[in-house]
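One chain, subunit A, appears in both complexes that follow, with subunit B as partner in the first and subunit C in the second.
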Partner chain A sequence: MSNPTAVTRRRLSLGGSTSALRVRFLGVVIFLAILVIAFSLLSPQFFTLGNGRSVLFTAAILAIAAAGQSLVVLTGNLDLSVGSIMGLTAYVVFDLAGKNAALQPFVVILALAIGALLGFINGVFVTVLQIPSIVATLGTLSIYRGFVSVYANAKEVTSGTLPPWMRALATQVWLGLPSYVWISAVIIAIVAVALTRLPWGRKIYAYGSNPKAARFYGLSSTRIVIGAYVGAGMIAAIAGLLLGAQVGNINSLLANGIELQVLAAVVIGGVSIWGGSGSVIGAAIGAVVLATINNGLVLLEVQEFYRLLIQGAAIIAAVWVDAIVQRRVIGSGTRRRIMEVES
Partner chain B sequence: MFTRTRQGRRTAAGIAAAVAAIIVLAGCSSSAPTSAGGSAPTGKAVKIFMAPKFTGLAYFEVARKGGEAAAKDEGFTFSYIGSDQPTATDQISTLTNAIPQKPSALVVSAIDGNAVAPALKQARAAGIKVVTYDADSAIDARDLFVNQLDYTLAAKTMLDAALLNSPDGGLVAFISASPTAVNHTAHVKIMKHLIDTDAKYSKFKYVDTVQFAGDDAQKSQDIALNLIQANPTLKVIISSSAVSAPAAEQAIVNAGLQARVSATGFALPSSVKDFIKNGDSKAFALWDPTELGYVATAAAYQLATGKITAKEGQVVDAGKHGKYTVGKDGEVDYNKPLIFTKDNIDKYSF
Partner chain C sequence: MKRMLRTYGWELLLVVLIVLAGIWSSFLSPYFLDPVNLFSSAGFFVIFALMAFGLFPIILQGEIDISLASTLAVGSVLLGKLSQLGFPLAVALPIVLIICGILGAVNGLLVAVVGLPSLAVTLGTMGAYRGIAYLFAGDAGVTTIPPAYVSLGSSWIGIVPMTVVLAIAVGIVFAVLTTSTRFGRNSYAIGNSASASRLAGVSVAATRVAAYALAGVASGLAGYVWLAQYQSARGDNADGSILFVITAVVLGGVSIKGGSGRALGVALAILLLGTIQTGMKLANIPGTSQTLVIGALLVGSIGIPRIVQIVRGRIAAPRPAPKIDVDVRREEATQESKRTA
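Moving on, here comes the complex of A and B:
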């Protein structure tokens, strides 16, 4: 088992697309299966079509945000400002569109522009100013949230002023699933393809797995990292826009504190916090894991205090299951690969 | 009063020069009328700080307007302080930082009744009067609590709104902000008790486990959806949180389930107008936050000027906004519930 995998890994070391990635999120799939079986046994309501739909819906926005976060984590950095980008974008875009109906068809473009700008600022802090990403985005987490607090001036964007088509989108069901689930799936698919097929994505993997080697081979670290932050910012902006339309009444605290859940989804999904390894699909499944836990614990009427304990334990358990799977399936392959890269 | 000023100066001497200068200045301005009138300060020398649970929430902003109006009417100085983060830690640092600025009184909505108690006690030890409004702290940490609705009235108001939504009763579930939100916890406890004992509400049954959404819209929505999945016969979701109640209703509308289940509880009329006009929910409830802010701030002013001492039976005079008697444990009940329905929601501008 280990030999063929190692060969595959070596052949695709830059793109890292097929079998190695498939096992990369095998751990989280197994963990999700364990959760589903456990909750199904404990609660008769859990394993029903309606509940499955509900879980996927509550996971959709988190999964989108996690896909964006993965881009940055794959470069070996973090984006703690994701919740602030979501909140700022949703508030500013819907506030502008509410005051000026002519902007309503362009909310997505507006959001992407704002997200790209905020991501770019993050990227510049991390690369040009050489501030460690955890510090830089901790700063922008506050700055972006502070900006929207000042901008909002404690007002709310109320549901009646949102573009009617965005409001309708939040309630639509396509082919039996909420529209947000489909939108989430499409965004994740686009990011997954871009990461594995486009030079932009391949460079992110290459840089993340070994920044020194990537630089040695002439890859511009500044451009790659800024590119990842811009991509993450744009995806976070879309997640914010969707969340705003879903929530209806938007205040300056929208998506406050969501960054820890997003990071948890990414880590549970098997994306290495050190960069270079993991997949957006894993991160998306990580989001489904978190949504499943939240759902299951409400179904089982678990008290709040226990819930926090269980959520924390689940994060560690998921990563642990992932580690076991990794060791069993590609154990020696990975080790060999690391030695090759370092030698 | 005199002891307070002297104590303040003694503390000031120990602190860095810049800070000391500010405090001495503040001390001077507040001592001037004292020496002139021989009694507690009045008018501009009285400085009142209002601290909401956190800034950025429209509900507290509306209450702030009441505080500002009271300051204008009585001619005292009013400031609005707070952090935009909805955590007890942030509120504690807001309050702790307020103490050296020597306000005459603090008007506080406690995000966590026990967690902020030490900070409030520290303020009281420094001679600052403490009034809680909206959400109470531990009783010994404040002088007065201006309660929008006494807990039983609040519980009844929400259950009445629930009855408008589901006249035949049925299963209800509760979403609170946190297990440490004193008023939310009390509301739920009394609602459960009323359902168990009061014939008017006996058509209801309830889900025993309370869910907590921390005044977060997205979390409220996720919980609402999960509650509906967990309880196929659920009729009404009730929340004391002005964030959670409308968010839960929005989640219901998003899922197209408004015919089966509805949300109610306390919410600003502006945030539920659409639901009520579309018939998605028949009723939400609240009180007038502006008037509540006015009464709480006026009470703080009267404490600071020595007109009242928070003793049971004394009267808080809020001018055109009414007179309110101090009850047991320093509780002042404002007690003017509002229920918003299709017929009256257009009347309210907040």
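Moving on, here comes the complex of A and C:
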């Protein structure tokens, strides 16, 4: 009885056959459109090519981090350690590449390995040790950050240790857009395809929408959740590397506190905080929404108050819409009701 | 004796850790055990303690509130502004506490009545309330505070700072609230199963809103302590401190899934974190390195008992994995929140 539910929900989020789920994704797009129109009317500088580039550039790294975070959120968990993973990876990679020039061609692989390890640790804490994800990743947020702080010993490293092509990336423009925007788009596309086409991704949706049904279906919850955390860790590591290359001289505090921004992007992007539904493209648009709000309000020279207020309101509005959608999806699927009674 | 050990095992463990941390700290610095140092260091943690006590009933009910540090900022800034407008403290403080209580109640309404996930709601209000604090404070903040408002920060009973006395009093209030009132009993019941509580006639929504409002009031009080201690108030007061507060509550033995934990544990956890941080500060270990120990403590406190359990399970006869229970519970919780949605 449980299996059909997982399958039904999977189909819903895949094909978008239920209008309610489509409404949520459309909601983010419409919200972004309204923001763009409003800012364009209010400020003549907003709707220019240069400014559009700058919005996308600021959104790029946040969007990558949000893509990683959505993997974990889709399983019904959280990763608060994303900022610490970014900071740790950037610092350690820069430092190692500086000490040993032979490592320079392998900086990306090195970063991916570190990110995978940190994500694996998160996943083990959540699955094997069964520590609730919010507590486990709150712990690793402190542990990873503390580790960089001890490792760095109050020193700074510079992106000068990176291979030249990596340093140049931060300022390059490809086909009219900053290179980071393209990199971000490619990463998001890879994650989106992996989530919708690969068994790895389909299992994440199946597990997230109904963990118990997924278990009865023979899926290993441990493997799925650890897989999501490892993926999230690797993506966060890349985001950290890019941020480090952009900033230049970094200390142990790089990307400190970014986790709540990332979470906000994911929530605004329509990824359900209950797990199981939402898309990585939505999360990326959520990051663009946040960047647009910041950029537009800076141009309008309004106070910090409005920026925080609009951001906060956007988050609450997004979960409100999500709650309505959830209710409609559950209401339309009588099977789910039957299952609830049986369990 | 055995029963007491079982009931208060967590608290006893915390006491042992506090003693160990104290011994270690006194090795690091001979000044640590100086009573004046001890109590003045304790004063630094009062703000976190007040927020942690406020957060405790919310987590007990299986929810979360990450907006409390922003509520604190609204409290401290508003109180500072009212002081400049010439209001006596006896008028201004109740106004601030009521407003902070309303901010908390708004969270509670969105969570309990509208049925939105508490993490996302308070992520939103965390920003929005911080915005309100900036609105009141302006760019410069509030710096000249009348003496009546800050006397709390510099008054002592013997060698005990007044703020520490306040924190202990608030701790006792929350202990009594959770152990000896209907609100407290309902909180434990809701944390264990919200749907069962509803069927048993507990007003789940009202209890939740009350917990959030109380947390708002406690944060407002923390804002007052902030103003009195630092003699200034700005929009960014206590920004980023909420993770420390959550760490304290969870380390205090309060299950993040709700339904279990005690105010005493929360108080001891604050004491433990305070002892460790003060000791490390005396040893000149920078703040960001200190987080390594605090994070390890948080993960270890929950992870190590579980490792012991797994190892024991391996040694003893193989039993069916206990995992399923947890998953069933998690599933119930998800469905519960979906249904209330």
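Odds and ends about this structure:
We take it that the second predicted complex is superposed on the first by the 286 of 343 C-alpha atoms of A that agree within 3 Å, B and C clash if a C-alpha of one lies under 4 Å from a C-alpha of the other, contacts with A are read in each partner's own complex, and residues count from 1 in each chain.
Just so we're on the same page, a residue touches a chain if its C-beta (ideal position, glycine included) is under 8 Å from a C-beta of that chain, and two chains touch if they have at least 3 such contacts.
Keep in mind that this is a model prediction, so the values were computed, not measured.
When the two complexes are overlaid on subunit A, subunit B and subunit C occupy overlapping space and clash. In the superposition on chain A, contact of A:253 is made with both subunit B and subunit C.
The larger set of touched subunit A residues comes from C, when the choice is between subunit B and subunit C.
In the superposed model, A:327 makes contact with subunit C only, not with subunit B.
By the document's definition of touching, of the two partners only subunit B reaches A:171; subunit C does not.
Contacts of A:186 after superposition: neither subunit B nor subunit C is touched.
When the shared chain is aligned, subunit B and subunit C each come close enough to touch A:146.
When the two complexes are overlaid on their common chain A, residue A:211 makes contact with subunit C while staying clear of subunit B. Residue contacts after overlaying the shared chain place A:132 against subunit C, while subunit B stays out of touching range.
Judged by the touch definition given at the top, the superposed model places A:304 against both subunit B and subunit C.
In the superposition on chain A, contact is made by A:58 with subunit B only, not with subunit C.
Subunit B runs into subunit C after superposition on chain A, and of the options 27-35, 81-89, 117-125 or 243-251 the stretch responsible is 27-35. Shared interface residues of subunit A (contacting subunit B in one complex, subunit C in the other): 145-146, 149, 154, 252-253, 257, 303-305. Contact residues on subunit C toward subunit A in their complex (touch as defined above): 64, 66, 110, 114-117, 119-121, 123-132, 134-135, 235, 240, 243, 246-247, 250, 256-257, 286, 288-296, 298-299, 302-303, 306-307, 310, 323-324, 326-328, 330-332, 334-335, 337-339, 341. Within the complex formed with subunit B, the residues of subunit A that make contact are 43, 45, 48, 50-51, 54, 57-58, 61, 145-146, 149, 152, 154-156, 158-160, 170-171, 173, 178, 243, 246-258, 291, 294-295, 298-299, 301-305. Across the interface of their complex, subunit C is touched by residues 76, 78, 80, 125, 128-132, 134-136, 138-150, 154, 210-212, 215, 221, 252-253, 257, 260, 263-264, 267, 273-275, 303-309, 311-316, 318-320, 323, 326-327, 330, 340, 343 of subunit A.
Within the complex formed with subunit A, the residues of subunit B that make contact are 54-58, 60-61, 64, 84-86, 178-179, 207-212, 215-218, 221-223, 225-230, 232, 243, 246-247, 250-251, 253-256, 268, 270-271, 273-274.
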